[in-house]
Structures are given as C-alpha cells and as structure tokens.
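The next part holds the structures, each set out as structure tokens.
There are two complexes below, and they share chain A, which is joined by chain B in the first and by chain C in the second.
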Partner chain A sequence: MSQHFLNIGTRLFYDDLKLQNQKVTQVNWAPLAGGDKALIEAIDGLSHDERVKAANEKAVNIVLSGHPYLIDMGLAKDMIEGYHDNLILHAGPPITWDRMCGPMQGAIIGALLFEKKANSVEEAKALASSGKIEFAPAHHYNAVGPMAGVISASMPVHVVLNKPYGNKAYCTVNEGLGKVLRFGAYDESVIHRLNWIKEELLPVMKAAIFMYDEGIDLKSLIAQALQMGDECHNRNKAATSLFFKEVVPSILKTPFKHDQIERVIRFIQTNDHYFLNLSMPATKSIMEAAHGIPYSTLVTTMARNGVDFGLRVSGSGVKSWFVAPANFVEGLLFAGYSDEDANLDLGDSTITETCGIGGFAMGASPAITQFVGGNVDDAMNYTHSMFNITMRENTSFALPALNFMGTPTGIDVVKVVKRNVLPIINTGIAHKEAGVGQIGAGVVTPPMACFNQALLASYQQLKEKSHG
Partner chain B sequence: MHQSTQVFKNRYIDSVSLMSLAAKVKKQEGIQEVVIAMATDMNKAIIAQVGLSTPEVESTSVNDLIIGVIAQSEERVLEAFNHIQEQLSGGSKSSSSSNEEKVYTSIDDVIEDGVKPTVAIFSIPGQYVAKEAMQALREGMDVMIFSDNMSIEEEVALKQYAFDHQLLVMGPDCGTAVLGGVGLCFANEVRRGDIGIVAASGTGSQEVMVQIDRLGGGITDAIGTGGRDLSLAVQGLMMREGLRRLAHDEATKVIVCVSKPPAKEVKELMIQTLKGIDKPSVVCFLGNKEVMKDEGNLHYASSLSEAAHKAVSLSPSFNGNLEPFKPLNLEKQELKDNRFVGLYCGGTLCYEALDQLAPLGLIQSNLHHNEHAIHDISGQHHTLLDLGDDEFTNGRPHPMIEPTLRNDWILKAAKEESTRVLLLDFVLGYGAHPQAVEESLETLQEAFKLASHRSFDVVAYVCATDKDKQGYQSSVQALQTIGVHVATSNLDACARVANLMKEGK
Partner chain C sequence: MSQHFLNIGTRLFYDDLKLQNQKVTQVNWAPLAGGDKALIEAIDGLSHDERVKAANEKAVNIVLSGHPYLIDMGLAKDMIEGYHDNLILHAGPPITWDRMCGPMQGAIIGALLFEKKANSVEEAKALASSGKIEFAPAHHYNAVGPMAGVISASMPVHVVLNKPYGNKAYCTVNEGLGKVLRFGAYDESVIHRLNWIKEELLPVMKAAIFMYDEGIDLKSLIAQALQMGDECHNRNKAATSLFFKEVVPSILKTPFKHDQIERVIRFIQTNDHYFLNLSMPATKSIMEAAHGIPYSTLVTTMARNGVDFGLRVSGSGVKSWFVAPANFVEGLLFAGYSDEDANLDLGDSTITETCGIGGFAMGASPAITQFVGGNVDDAMNYTHSMFNITMRENTSFALPALNFMGTPTGIDVVKVVKRNVLPIINTGIAHKEAGVGQIGAGVVTPPMACFNQALLASYQQLKEKSHG
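Showing the complex of A and B:
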C-alpha cells in the first residue's frame, strides 16, 4: 500500500517529507473555536448528526432551486399580510426607538411625516417614543429594506414570488443616492420623492409588470448581471441596466401620459442602485423558503439595525434572532468624512450575502474593489474563502472570472465557528447622523458572537429533541 | 531600550515556526528580546516576565498572535517588526497560492474532501492532540505524535484503541520514525535492508540506524513508541504492536529493540514477546545495570553501537566483513581539576554517554533525578547536559531545529578553566537544521581562542549517514579543519573523551 502522510502542525516536517518525494497533505491546524469547550462539543455533536446533515441538505436544495419573479407592486398595507396602520418596519433584528441609530430614527420620522401621522419633526419624535407605533423587523413580515430599511403602511413595495415554493417577499423602491429616507433624511425633498413614487411611479410600474404572464424573472437577471461585473449588493449597474432594457418596452405600452412615463424611465435610468431593491426581495424570497426546517443549521437571515447584528437560522424559530453588537465597517470614505462620522453596520441588504451573492460573489465584481478598497486578488479570494463556510456551489450563478465557478451558497453556522471564518459582507457606510446619506463603502463581517450563540442554540435543540 | 508589542487577532501559526523565527530575529544586531507567540496563558506569562505585556495582550485568546520586540533603538524595533511580518506573511502566501496543493485547517475537512491519508503526524500543542489523534485512528491512520504534554490517561486510551485495531500511536514526544523507507520528523536517510527497529527513544533510534548504515547494513522500518510506552501504565502497547508488525513483515529478518530500562514486569512482557517471534532480535536496554545473557534468538547489547553491530552480524543479507565489536569498558579513574563537559542535542545520546563515561567519576547532569541533577555547567564535576530536555526548550525550539541555541553554552563551557574536554553531538538528517554544523563553527573557533592558554579539546560526533541532506563529509571536514576531534559513533566519542582526559593537562 502506498503511503500518504497527513502533517498536522509545523511545516518543517511537511517540507522534509516533500524532499523525499512523498505524498503529503498539510493541515494548518488551529485550536477549534478558540478552545471553548461548549462550542467544541456543539461542533462535534452537530457535525456528525445524520438528522442535521439531512436537514441541511434539504434546506440548501431549497435555496439552490429557488426562483424569484417580480410579480406585482402595491402599498405595503395592501400587499403585506398582517400589516396595520400603526406598524413601521425597520432593518435588522428587533430594536426599541430609544436604542435606534440616527439614520433609523430619521427614517422613522420621515415615514411618520409621509404618512401624515405627524405634522412636525417634534410631533413625529413624540409619537415614535409614545408606544403607539409598533416597530418590527421587516424580516418578520417577509420584507427587507436597505440601510434603515423603514417601511410604512402607504409606501409602495415590490412583490416578489419564489415560484417553486409559492412564498412572497417585499421591498420598497430604491430612492437613489443623497438625501434619501433610507439614510435617515426626512426633509421636504424626501417626502416629496416618496409621494411621487407612490403617485406616479407605482401605477406605471404596476401596469408594466402586469404585462408579463409570469412576472419578470429576477433569477435570470441576477445571473446575467453577475457575468457583467455586478455582485448585486453594492454594485447593481449591470442589473439595473438589464432590468431597464427588459422593462422599458412594457412601460411604454402602459396607458399613462407621455411625460409621466418619461419621468419614471428617467428615475430608473439615473439610479444605478434601482435593482438593489429587487435583488434584496429576490434573495429574501429564496432564503425564506428554506427557513423553519428542524435541525438545519443553515443561516437564513443576516441583518443589521445599525446597533446590533442579527442572525436567524433555519432550524430555530421564526422570530429567534441571535444578536450581538454590529461591527464598524472598514472601507473607503468619500472626501470630507472620517471614521467618527460613520454609523455601525446597517441594513437588510446582507440578505444578498446570505443567499451567496454580494460579498460572496466579489470575484464577479473586480470593479467594486475600487469602491470598497483592496485589489482584484482580494475580490477573488473573498469568493474562494466563502466556500469554507457554505454548503454548496450555486451553479445558476456562474462567475466567468473564476472559470465559471458557481457562487458559494448556504452559510452553515457550524462551519463558520469550526473554521473560524466569518461571512464577508460588501456594504455601504451611512453617516451616523440622520439624513447626511452615504459616506463610503467597505467590507465588514458579522460579529462571531452571533454564530457562537446560534451554534449553541442549535445544539441545545438537537439534544432536547434527542431526549424525547 | 525601546520596545513595542502588537496583537494580531485570529492569526494562528504553529509554535515551531514561531519559535524558530523568534530565535533568528533575536540574533540580529541591536535586538535584546523577541517574543513571537500565540496567546496561551503560558506565553502571556512569559511576555509579562520580559516586560512586553500590555492591556491588549491580557485580553487576547489562544488564536491571537502576539509579537513583542525590545531593541536598542526605535528603528531596530521597526525593522524587526517588518522582518517578522514579512516572514510570517511569506508563509501564508505560499500556502494559498493556487499552484500548490490544497491546504486544510482540520482533519474533518481532509476526510470530507475524500483524501485518504495513511499516516498522521501531529506537532500541535499537546493538550489538543488526543481528540485529533483519535479521529485519525478512527479513519484507520497510523499516528505519530511529536507533541509532548499529553496526559498518561490519554496516551493509554489512544494506544489501547490503536493496539486493538493493529494501528500505531508513535508518541507522544516521539521524534523519530522511518516507515517504508520514509523518514518522519527527525530521521536519517539510511540504506534499505532487512533490519527493523522499534525504539522508545528518538536519537537512540537514529544512532542505531546510522551505525547499521555505516557497517554496511540496512533497515526496513524504524518504529517509535514515545518514552513512556514501557511504563507500567502503558504496558509497552506500541512496542508490542511494533514488534507484531516487524514479525509479520517479510522484508524484516532481524529486529532491534531500543529503550531505557523498562519497569520490571513490562521488561518481562517484552522479553516474552520477543521470544515468541521466530526472528533473531537484539535488545538494548540502555543503562541497564543487570547483566543479561543471550538466549536462543534473543541477543542483548549494552550500547547503541553494539546493538547495531549485533543486528548487522545477524542480518542474512549482509555479506561484508565485520570486525569484532569492541565495547568501551572504561577503567575507574580519579581525575583532578580536570573535567569534561558534554552539551547534547540528542537526549538518548546524552543518556548513553552518561552510562558509558560513569567510570570517569561523578557526572552531574540534568538527566539525573537525584542530588546530582543540575541545570547549568558551573562547578568542578564532569557535566552532561541534554539541551533538548523540556527545561531548556520551554518556549524555544529544540536545538536540533535551531542549533544556535547551544552556542552560548559552548562559550560558557570554554570559559570555565576546569573544562578539559568539550563533547558535542551534531544530529543531522530530516527535521534537523539544514546547516546544523555550520551554525556553530564560528562559536567553536571562539571557544578555542578563549581556551588557547590551556589544554582544551573538542570531541564531536556527527550522527548522520553520507546520504543525509546536510552532507556528512562536508560537516566532518568543517569540524576537523578547525581542530575538532570527530568520532565515528557516540560510543567512539566517549572513548575519545576518556583518552583525552587520561592525557591530562
């Protein structure tokens, strides 16, 4: 029998086995989970359990076979099940008004003004802190929102259907850059734009979308955009262009006035991030279908509210969040801003990474590295390294620069802790004061503590179920 | 003095690499202290001791890397940091480049990838080995454990499992093995032949294989067991598994068994096991005071050289000329104001010297566990130090990996007026420093200068074959050129020491 050596530890012995022309495999070993006994036990227990394996296999297959279509638009209160007039949704895990970051409070003030529930900023603040308004994570309503992620009753939302599984997800319309609600701005121009989206854009887009029998195939648009330099989180230039190319002929067929149609087309054409608010509900609908599979350690949600980072795991309950303080985003800031101006990591847009695009598909998007810092090699390495913590390769999203390798898909809590590798998130940086807007972009990771908690909880559930 | 300490979160690197790098940086001019270590409690204590601790260091965990430097100037500190980071990043770059084969971070990943190794070698911190080694055993791998600091209970559990499944657990603290002609960790490149070795000691095994090679013989396998295998607790489990393998191996015609004297009942067990094998065997219980007579297929040797000699003489494939073996048999003598100092890298070589040179009078050594146990070379008595022992390697690489660690000792010994003869070993081969001899040449020249006003000799033994990567002949020549007496075996080195001592001043 021929010998094959496994060298666990110092490279010295590896080198001298190589010198003897031997077959050697190197393990660059490091203490598992920082030597934490409870975590190690959980890793061992979950890694070798057949039920966990089967549940993860089932969950990841749901993710890989998900197929989202844009099928409709409408007001949040009409489209989202269980919505009520005093409900305001926000990004990330649950948070109370007093703990919210500046941009989120600003966005809520803006939403209350837009809904005409308050006539002044002071009134809005008083109402928000009065307890009469219910705040909830958008994720609890199958919705997502970039940055502050604020959704109120009369805001138009996209309706995305994950056809194979019949579940829907929702997201607002992207307002563009600068003074916008998602960065906490609430001045007249912001409210004016929100009203315009509701009054002019919504009817045109709703009519255009209705011209498609099956809706607009978002999976196909994402797949093409990934081959055109987008990663569909921080860069949506290609996807927006593809969407524009797709939808404009239909828009032109709608029975609205020429100047209204022109304003709608211009709005999409001048906003490179328009598609972000489609890639987000698309990936949300895919991930939601895989949520709620007992024993599965698949991460179905990663989201930030600007104060905390939250995770949800398929095998845990619908509203179970594993929460830890959000990280500071390392990146490039626009001229005139410094680290002190930056808000902590914010927004639901990490749903893209959760589904294997965004930061996980950085290898598709060399252009983004100029924006977030680093070089093209870094982008390739980010994608490669994410295979350490994911379950499968999504061949629907093939990346040409990586020899048509699929995107790393299906984050496994166990692998994250075991390999001590955190998901890479490619994100915008908000000013910490309401309404200033985006001040940069960069790369960030979730706090490991979320994954440690999720791992221990998953193991606890496994043990409880094993004992009857 | 200027100093700086930096913490690199989540950057695990194995300690052997870190210690070697630290030793190298420390040699550079203007550098007073260098610590490059993972943030274990022990390392943090060391860092605090040398005054490099910071509040950040105190809050680190085991996967964090700490680098601390004390140097003459700010620039030196900066240079050292740059150098260290360059060296460390070089390592990770080469391991991630796509041309190279895949590097894993856990055994699980290797298995998951469908890779099926046959032998696992562990050089990771001892407290983590048992779990990983058990996984390797479950996957059907033989295991070699270079790491020490494993509990005896863990060792027994692993070895019992291995024994029941006819697998090997070589170690813990096992430095040498040759399997199928391949040297693992510290081993020499030896002619292939028909002699199989099972050894509870690393350099003991190396000396036997080197001497077999020099006599014209060759080996099949050299199986290591780790030093505690023949204890009452472990019951020679791996010595027995090793013997079972060699007994069944068709290529093996002669068996050599090397160990320090085992516990009495384990010794009996070994002898019975060997008697049950229908191949001739040679047993060397180094330092055994009891006279053992050959019986049947079982032969005894009282030195490593004799074990090699007997094995070759029993080897059916050997048809060369073998001169009769000459044991050392030193006479008792009292030497006044005259002593030898031996500074060994090889633990078993040191132990053999301690045994063979005993007639020359009281020898103090760190290998003693009595009142003659010492940890320094001062004093008037003969001295033998095993510099590879835990007390000298704590937080530092083994002197076989980093020979410069012995250089300070060499100078110290030369300065001692009472040192008549300095005895050194140079263990070459796989695992050992690529320039094990060259690294000490300058120091030796300085030693000769320091002692130029008196009678002073240096005896060295180069434990190597002419096939070893460092070059045996060139190593010997380099030593001879500067006036070192080079012995042909560790036993011969002892003989030369005795002769020089007899000559006196």
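Showing the complex of A and C:
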C-alpha cells in the first residue's frame, strides 16, 4: 500500500518523514504575519483603504512608464545637485565610519587618496574618522553604486534622465573585476585606473553621448538584453554587447586621438559588467520618480551597506529608512574561499530588483544559475513567485522563456508581510576584507524586519492623516 | 456525461469530432515507412549492420569535435580551390539556368554585371543562357551562400578553417536587408555595395583577422550566442553583437584611414544578420569533415535552390545528391505580401540545421517565434523532437532554457524514414521575383522523398559492398 503524507506548517514532521523515505508533500503555512496583532491590523487597514489603492496605482504607473536615457557624463561635484568637496557617498542606508564593513572603509580610503585629501592610508583613516568628511547614502543624492558604492567629488558619473518625469540619477563607471574600489581596494593600480577613467574615458564618452539627440535609450537596451539571457543585475553580458555596438560608431566620430579612442573601446570591450553601472541608474531614475506619493506602500529603494539592509517606501518621506541587519548571501564561492571570508549583503545594485529586473527577472536568464547557484527551474520559479508581492506585470520587459510574460514589478510592502514572501535578490559576494574583491555570487533576501517596520509606519501615517 | 475520444491514425475522424465540439486526442500513427517493403528492408538492413554503426559513430564524433575558426578573407577565385573566371556558384543542388527561380536568375545577372562580363541585363541573360558560364552548387566547392547563394570570381569570401581536421569552408559577406544580391536584386545600389565590400571592407577585415594568431573562434561565439537567444540561422543578433565586440579592437589596430574604418564598423553594426555568413561556413566546415565515410548514413548536406531540395549523405560520394521538389514555407509574411508572392524553400543556410543548430536549436531562441511564427512551446518541442532523428547531443552547444541540454546533432537518414519525422528548418522567405527581397520567415521541412532515396541508395551500397 502506498501512503502519501501531506504536512501543513512546521517542516519538522516533513523532514522526519523524508528521513523515513516516505512520500510527503510540504504545504507551507504560517499564521498571518506570525500572528502579530499590530501587523494584522496594519495589513487589514492598508489593504482596504481607497487612498492607498489609488496611491499605489499612481506609483506603479509611474514605474511602468519610466523611460531612462543616458544623456551625459561628468564629475560628481559638477553633475549632482548639492555636492560639496567633503562629501563622500556610499551604498545602502546611513552608517557611520566606525560601523562600516571592510570593503566600504577601504573604498573610502581609496576615494580620499584619489581626491588627494590624504597622502597615505593612515592619513586617510584619520581623516575619515575625524568628522571632517560627511558620509551620506548615495540614494540621498539620487545616485547609486554597486558594492561599497563610494562616490567622491572628482569621480566621473553617468547622468541618466527619466525622460517622462524629468528626474535624473547618477552612477560611477564600472571599473571591471579584481582589485577595484567598489570591493575596497585602494592600491596604486586602483587610483591609477580611476584617474584614467577621469582623464581619458570621460571626455571620449561624454562626446560620444552628446552625438545622440535624445541620449542613449537604456530602457530599450534593457528590454533587448532581457530577451538575450541577461537579468541586468549579475548578468550584463548581452546588455554590454548591445551598448558597445550602439556606442562604438559614435565614439569613432569624436575628435580624440585614435589611440585614446582605442583604449576607451578596449576598456568597455573587456568588461562584461560595464552595463551594470547603467542598469543601476536607469532603474534608480525609474523608481525615484515614484517616490514621495502619500499613502503609497510601493518599495522605492532596497539597499545594503554591508552591515544593514535599508528599505524606503514611496509614501514615507525622502530620508525615512527602515533598517535591519543585512543577511548572509547563500551562493557559489570562487575556489579558495569559504563562508567566513564573505561580507554580508552589500551594495545599491538591488535597485534592479526594486524595479522588477535582476533576481525578479531570473526566468529570463537561466544561464545566471551557473554563477549564483540553483537550477533553471529555480530561476523560473523566482520570477513566478515575485508576482505574489508585486503590483503589476511590466510588459515592456518581456521574458521569452516564460512565453513573453512581463517582469513582476512594484514591490508592495503590504503583500510582502501578508504573504510572507520576501523579494529575491541575486548579488555578488564581496570579501569582508578591503580590496580582496569578489569571492562569489548568490541569492539573498532582505530581512523581514524592514518590511514589518515599513508596514507599521505606513499604517501609522494613514491613521494620523485620517484623524488629523 | 463527459466523453473523451482517442483517434488513432487518419485525422479525418479527429477533424470531424472537433467540428462537433467533442473532446478528442489525436494519436499520430502511420505504418512504418508507409508500408513500403523496400524501405522497410533498407531500414532493417542498415539498422543492424555493424559497419554502418561504426561509420556513423565515427562521422558524428567528427561533427561533435569540429572547431571552426575564421582565419582569412579574400576573393573567391584566390581562396577557393579550382575556381575559374567563368564559374558561378549557387545555392542548393545542381540546376540549369532555365530551371532556376527568379531570385537565383536575378542574382546571377547581378554577378555578371559585378564581374563586368555583361554591360546590361539583356547581355547578362544572354550570357547566362549561352552555356559559356559554368554553374555549380557552392557545396561542390566547400562553399555556402544564403538564399540564391550566388558567388562569382571577384566576390570576397570568408575563409573558415575546421582546425582539428584541416578542412576549409567559404561564404560571402552578408549584404544586409532590402535590395541585395542574395534575393536576386541587381540594380546599381547592389553592384555598388558589392564593390564597396570588395574595395573597402575586405582589406580592413582581412587585416583585422590576421591579428589573431589562431583566427577568430567561431565555435565559441556560436556557443555563447545560443545562450543568448540566437539559434544562429534566422536569429544572429547576439552572435553579431559578440562578433562585433570581438573584432572592433582589432579593426582599430589596422593601418587604414579612420573614415574607412568607421564605415566598415558601421556596416557590421547596422546588420543583425552579419553573423549568418559566418555561422554558415562554420557549420559547413564541421559537416564537410564528416563527409565521405563509407557506410555512414549521416546527412552532411541539406540545401535548396528554390526549385529542388537536395540532400547528401556521408557514405554516398561527393557529388551524389538526393533531390525532390522544394517545399512551400509556412510562416509569417510581412505586411502587403501573400502566399502567391513566396518563392519555394531556398538557400544553403539550412547547413545550420544539418549541424544541429538553427531550427534544431529553437529551444534556445523563444524570441525567434515572433519572426517565424508559432509559440514558445513549439520552439521547445522542435528541439526535443529532433532527438528522434539525430545521433547525439552536442554538449558544446548547451541551451539554458532546456536545462543546459545540448543540441540534437547528426541527422540519421535511417531514423528520419523509420520514425517518419522530418528535420525542422526555420528560414527566410524570398519573393519569387528577382530583387524584391525577403517577404517573411517561417518553418519548413525537406521533402521525405529525398530521405527515401538516400535510404535506398545507402542500403544498395551496403548490399553491393557486402557481395563485392
């Protein structure tokens, strides 16, 4: 006689039956919001409020109709509003120097050396801890950066315009792999490369971009790349190729010397992650336009500083972060490294998932599983499951392998807590010591605590406004 | 009460029940080889012969281990052995001028004008029908050409080396879309473009290719493109991008003038089909190495001249073609055209399917269905079903969406007839009049008659050798 068990709730019995080689199917079930009365009341209150519904509809439509173009490049201090010489931006939510992780401290040391504000590592450390340098999340300046995400005054940034809404977003140039600032490296080769990007690459690329009347259409490049196996967070191979093919003829028309042009083209050509630093400001510009809509429970920012994970919600004000300790990333480590070497979840790059690509579009990118772990079914399932927590399907981003279904877009704080499903993020793993570089890649989620806080705050605002 | 019918064999009853809105499932069944005794005997004889098994094992291993590199370019008469000034090559099996389809006659007129052997269309027609021009299948010279596939003495060709086996294959440069020679156009713009390819593009590309010690690795580019949504017959978007990214830095190192380099780069950049004329000689070089193995029933050539479909089998000698009338291509026509405008199946490009990509790799390329018709499931099913008629899985060409399964490779004539499953070819559709161009794309199969003939001939040879 064949028996088949159905286990509902705690996995304890499931695991035990499996050990006994029994057929058993697990039905995941947990009490709503862990049975927490305040959370249940907030879910109920927010789910049935017409103002919230209308605000979310407005917010997600802004996201779906966003259309980013690369329109310019320049130094951070010249391009980003409100920049000053002693300002250094970093990834994730606010954090003080003493609490920063290794890669972020290393990147800041590198930035101070690059800016010639310090002549040695010791001087840089002393300056960084002196209080004379202002640290702020890149997100506070409409900027984003992968990994440590450090931006200083003289670093070149891409300028991306979200044309239908007129807002801009900024991101540095991707340095490639190995010893690079974003992983906290600050030796001579790193500073030399940053200077080269500023002196040689910046003028050529700026001139090339200026040849386009409208800028370079990043939404179109992302849409095509999603049809070519990229998810535009950890796989940008197709997008980089398409961007390269798009921009090379314009680069050739710039008035610079042939050998300089050659070096710039070779730099882009040899870095399959070049487009990451364009997909990030593209998605940032899209999400930023949907920020600040009263009552909306749309997640507009997810970001990590390597210590804390931070969340921002459209209706909760510009600088309100909901913060909890960052998670450990499960994934594939490069040979020679172990879990102990890994920094916690780090970087602004999860702005891609916030906008419905990256981990949310893994169904477009089965090949990414060879890099972040898991199999093709997992990749498909990640995309399907994200519809549980998002507001809409983005038909501009169609995934061929999923019958041209659009990407799940617009994370709703209420749905995340109600359904107990966390956003899927795929991400690189940094070594916890400054400057070692990437040691692997994997899949991670934000801590649920961020969403619980955001939910309660959203409900609190709703109640205050209703009574006020 | 719910009834569900099962219909086996003829679809007549199935269609009738469907009309009556009944639930009915069709089971396709036909007697083995249509009940033809000679075919059944041949299937039986060839299937159980150890020499055939060993020969096929040898042949398919040559295919799987083939490794094509782009090593050179030059004029056809300088690169292709045995070329002479009055030789014009064409797609498909042998055919005489008077039987050729419109696009092929048009392309030959264009070639004669390009070669300055005629000064007008009338002169060209007179010369073509005079018997002074020798026409031969490109395949007889290890060459291939898309659509009309016309090659004349002064046309530049790619030279592809199948390194492990030392054999070479040749193909012209893709001219782009619209009015182009391969669709039979021969006006001034066509001749001008051919001259430009010869005068400006050829020297630059030849010099760029020479910068590679080993040539440009086409197997690696195809393998990557298959992971990026191409099937490398009708979709070459990723492959062209990857080729472009690979070759541009080398082009920039050539000693030619900046504006000439710019024009060459722009020409490749604006033609998403550029790589087709590289995937074709790449797969041709792979298949040619496996041709001429006694007893092998491996299909080494499938090709169409727009009137006839031709097949060649490894064990059946260099010039033995098995020929039957070409099929009509079912597919999607561009706006303004109807079935009556369509030429029959045309071109050498189905060398890609012969080598296990193209239609056989449609599971890699769900996006191709938007071009050739059908849906994503169809694309997956095509790839799965081709395992019924092929000898092996080519693990060098892994398809992410199918869990990194390799492509079905090495068509066995015996399996095709025995299982009554024809190879799937996806293909462009040419207007039947010379010079109009592409009017659509679709899916087609070869006529079964070619396979029946090849099967009987293979069995005849086996019997003769057994008795001789």
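Definition applied: the second predicted complex is superposed on the first by the 438 of 468 C-alpha atoms of A that agree within 3 Å, B and C clash if a C-alpha of one lies under 4 Å from a C-alpha of the other, contacts with A are read in each partner's own complex, and residues count from 1 in each chain.
FYI, a contact is a pair of C-beta atoms (placed from the backbone, for glycine too) under 8 Å apart; a residue touches a chain by one contact, two chains touch by 3 or more.
Remember, predicted model here, so these are calculated numbers, not experimental data.
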> Of the partners chain B and chain C, which touch A:Lys463 in the superposed model: first, second, both, neither?
Replying inline: neither
> Of the two partner chains, chain B (first) and chain C (second), which one does A:Arg99 touch, if any: first, second, both, or neither?
Replying inline: neither
> Taking the superposition as given, does A:Phe244 touch the first partner, chain B, the second, chain C, both, or neither?
Replying inline: second
> Thinking of the overlay built on chain A, is A:Lys257 touched by chain B (first), by chain C (second), by both, or by neither?
Replying inline: neither
> In the superposed arrangement, which partner chain does A:His192 touch: chain B (first), chain C (second), both, or neither?
Replying inline: neither
>> Touch test for A:Gln269: chain B only (first), chain C only (second), both, or neither?
In response: second
> What part of chain A is shared between its chain B contacts and its chain C contacts?
Replying inline: none
> What part of chain C is in contact with chain A in the complex they form?
Replying inline: 224, 227-229, 237-238, 240-242, 244-245, 248-249, 252-253, 258, 261-262, 265-266, 269, 365-367, 375-377, 400-401, 403-404
> Okay, in this complex, where on chain B does chain A touch?
Replying inline: 10, 12, 14-17, 20, 61-63, 91, 95-96, 101-110, 115-125, 128, 132, 136, 141, 146-147, 179-180, 182-185, 401, 430-431, 469
> In the complex formed with chain B, which residues of chain A make contact?
Replying inline: 1-13, 16-17, 19-20, 22, 25-32, 34-35, 47, 381, 388, 418-420
